Amino acid sequence: MAEENITFTLPDLGEGLVEATVLEWQVAVGDTIGRNDPLVEVETTKSAVVIPSPKAGRVVELHAREEDVVPVGEPLVTFAVEVEESAPQAGIVGRVPEEEAKPKRRVRLKPPTD
Amino acid sequence: MTELIERADTTVESAVVELSMQQAINRALRVLLTEDPDVLVFGEDVGALGGVFRVTDGLQKEFGDQRVFDTPLAESAIMGMAVGLAMNGWRPVPELQFDGFAYPAVDQIVNQVARMNYRTRGAAPMPITLRLPSFGGIQAPEHHGESLEALFAHTPGLKVVAPSDPAEAYSLLLQSVRSDDPVVYMEPKARYWDRRPVRLSEPTDPIGTSRIVRPGRHATLVAWGAMVHRCVQVAELAAEDGVELEVLDLRWLKPIDAAGLAASVARTKRAVVVHEAPLTAGLGAEVAALITENCFRELAAPVQRVTGFDVPYPAGPLEPQYLPTIDRVLLAVQRTLEY
Amino acid sequence: MTVNPVEDVTMRYADLPSQDPTDDVPVLLLHGFGTDFDMNWRATGWPRVLEEAGRRAIGPDLRGHGASDKPTDPQLYLPEHFVADILAMLDELDVRAVDAVGYSMGSRLAWELALTAPERVRSLVLGGFGPVNALAGLDTARPGEGDSPFDHVYRTVAGLPGNDAEALAACVRGQAARPFREEPRPEGVPLLVAAGAKDAVAEGAAAFAGRCGGSYVEIPGRDHANAVSSRVFKQAVADFLGARGSGSGG
Amino acid sequence: MPPQESKGQGAITVEHLPPELTRRLYRDMRTARDLDTEAIALQRQGVFPAYVSVRGQEAAQVGSATALDPARDFVFPTYREMASALAYGVEMVGYMATHRALWHGGLYDVMDSRFGAINAVVGGPVPHAVGWALGERLRGDDGVAMAYFGDGASSEGDVHEAMNFAGVLAAPVIFFCQNNQWALSVPNERQVAGGSVAARAEGYGMPGVLVDGNDAGAVHTATAEAVERARNGGGPTVIEALTYRIEPHSTSDDPGRYRDEADTEHWRRRDPVVLLRAAMLEAGHADEEHFAAVDAEAARRAEQVRDGVADAPEPDGSELFTHVFRETTEELTRQHRTWQEEVEL
């Protein structure tokens, strides 16, 4: 199972907020967490918020220490995410056609004499 | 890398890279949007959603919602608007979400887009490329698996092309959008997920050129879109019986490469045309007529056509029995060998 | 969901059932002044805590806040009105008793609820709350313009989207009309008081907890605005609720 | 006249409605909700290739369909009107067959049920309703046509043309727009210029009504008034039921890419089934015992339809060639033989 590093930046917290202060990390480097697990507690001028993890994966790097002020869009955490050769995702309708390794047939040909 | 979608550099890559057809088209759109500020990509759900097959994924984020934008749900207005945009100096690349939903826009396509340059004696060219996810093969609901190539190919003033693999999709889209003539670019949705190593390159053959996908000497299989892959499967199986079939990817459905067809059939003496659309008045009839007219003396057998039946495109479970099967193509080949 | 109007003020609430419940007494979450259920509890990660504890959570947007109706008459914001809203909601959901968890103004209202309907409150958690009248030094005619601790709170929340300044002002006046008094106390209700070490609004919380025979947890390094999302506060409440257990539940 | 402002805020009341009506509305809405849940499960199990949920739109659909008379009216649906079909009395295994892709238009008898074939062309069936309605007026009958469409379809030429025709011809048509605020990934403000479909009615010479789509009683009342007006020669009406598409566009959609789930959560709290239940309790139309019985029956019926459609036989290949023409052709017979010889093998 291949792994890929994905960096997650501080999301836009709405109401025109441009930055947030890291109150307390809910994870440590090396932790394997699930999607939506609590990731980090941050405080903006408006309120304190717990940001859920957008990804399941292993925490590789925390880009801010507690009490750091992080602008929106700046790197916050890097995950190592398993990238299994995910089956391609079908479109809005229908199914992804399966590719049989060896297509089957019943008709046999006789090569021409010429 | 911080972004899931790598950034396309404007210089054309020459390295071999593994891509699906979705990604290849996405790459070509990035190159076009980057090189020409007049290019606009619009249609239903092409912006934030990134397209119902993710073909325009990430474009709005990178090029902004002035160049890549969603429109309300009205196919005729989408194409009518494209005419106005073109007359105002833009190079529109509209998407109609599904083949079956193009019909309300056929009036604008046939009566306006196709003949505007003619009617204005060249004053108002229509450098429009209509991206149209087409054909069947994904067991989609009604109206989502139609093949409209005969209608568009029959329309004077329109060029029509159908790529069959990711590399083709890339270079043919560059060619289509850069052309100042209106092009209907039919994307074989069954091949969207076809992922293979490809060398992305600038288009080399002129518009209207077909290509030999697999050489052979006993008969020529002529196809386009997803049926090219089907014919390659047939040829590989036929080889086990000692029969070498040439597979010709027509690519351009208008203008059709009559010379290319003639060159191949003159050698193989036999031809089978394969397409998903129903038989009667399908584009296969045009191809068969061209071959018969140009290779009458060389032909050892009448041109065969293996196509969808003359029935409305069926529901999912019956689709495999409607679309040309490997056995039906083999039987047609056998008919030409025994004739 | 919506509860029927009390004096035609409709209160909206969220009801988050637990996937595998460990206790059939729900946890009632009462948010603070100027916020709502989403901001005070959901965005701060509380549903996850209660879900892991196997507890159903019910949380209203108190009148004057969030998606609930926002009358502007201060007389409609007396503590007894809030308590009536909450009891009407519990009746509609036919919930007999709750473990009440409040924050700031929500704690004051949880206390009033326990006083008014002791049989409906199995236990009480008062977060970000202290015995000192939180509105002390506030000029209720011009909330947010002075320098009292509550003025700062008012200024922070008044600008939040979805808040109605007039309704909030009326709410302040309604609350001010009934300053908090320690007596009488809800009898026989297990109590936990928790406050940020730097929370000026909750001054004297530790001693107050002692006087009430409850337990106290200090949330290190936190003030009135950022104590509610702290892991220490959540853990303390989870342990406290766990101790209530289903044994003694209704 | 400007449509009344939708009261889509607080609780709903049904005091003004007869208990038999609200009980029927609740029964059909509850059954549709359960069938919808079963259908989503069938999709997850691979029995349906895809499914388009009606969750959250039960009041708009059952409320409106119940205002019609299945003996003389005719409904022209889109592909997302399962709850209307159920309330209108359509044979539901036949209806759900389309979601299992057994036959495009569904396997129920369209003419017997007076409920058009399921239609995936956005806005396509709306002009059909005008034609059918004109057919009634020409013959002096008093049937009323109901054309369902969504906020996305309101942008289609077909819908604008049909409304104008109906206005000119005073055709007895109800143009019922379920504005669930999302046309796949495009929200209202980028789909419906002017912000209201009902407001356009005046431009087409007919009344327009905006109604809280999650208030089953309000939808029913507004539709009944419009049906009565149409039946008495008063011509067409546009009804815009403001509701919300709670589930993704279809089971293969990913709304996370284009919308904020907080909005959905807001509307999830205005669940039409729960609203009606609370209002009926308040008005004394039913007690807990009644609801327990109705809920059990609804669940049973939903499972029965689920099993019916899951066990239905797949179409046979020969059916490819049936019903292409009323009078078949030699060429088609030849192709049928080709299929027998070369495909059926």
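When the chains are written out, they are named A, B, C and D in that same order, and each has its own residue count from 1.
Keep in mind that, in the parts below, contacts are C-beta pairs under 8 Å (C-beta built on N, C-alpha and C of every residue); 3 or more make two chains touch, one makes a residue touch a chain.
Here is each chain with its UniProt name: B = Pyruvate dehydrogenase E1 component beta subunit; C = Pimeloyl-ACP methyl ester carboxylesterase; D = 2-oxoisovalerate dehydrogenase subunit alpha.
For clarity, every value in this text was computed on a predicted model and none was experimentally measured.
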| item | value |
| --- | --- |
| Most central chain, judged by mean C-alpha position against the global CA mean | D |
| Higher-contact pair (C-beta pairs counted), B-D versus C-D | B-D |
| Distance from subunit C to subunit B - Cα centre to Cα centre, in angstrom | 63 |
| Length of the line joining the C-alpha centres of subunit B and subunit D, rounded to whole Å | 36 |
| Subunit C and subunit D: spacing of chain centres that average the CA atoms, whole Å | 43 |
| Euclidean distance of C-alpha centroids - subunit A vs subunit B, Å | 34 |
| Residues of subunit A engaged with two or more neighbouring chains | 90-95, 106 |
| Residues within subunit B bordering two or more other chains | 52, 139, 141, 144, 316, 327, 331 |
| Residue numbers on subunit C that touch subunit A, as the complex places them | 35, 39, 43-45, 48, 156, 159-161, 222, 225-231 |
| Touching residues on subunit B, where the partner in the complex is subunit A | 1-2, 4, 20, 52-54, 98, 137-141, 144-145, 189-190, 192-193, 195, 218, 233, 237-238, 241-243, 300, 316, 326-327, 330-331, 333-334, 337-338 |
| Complex contacts: residues of subunit C adjacent to subunit D | 1-5, 10, 12, 14, 38, 67, 69, 92 |
| Contact set on subunit D toward subunit A in their complex | 49-50, 184, 249-250, 252-253, 345 |
| Residue numbers on subunit D that touch subunit C, as the complex places them | 9-11, 262, 265-266, 269-271, 274-275, 278, 282 |
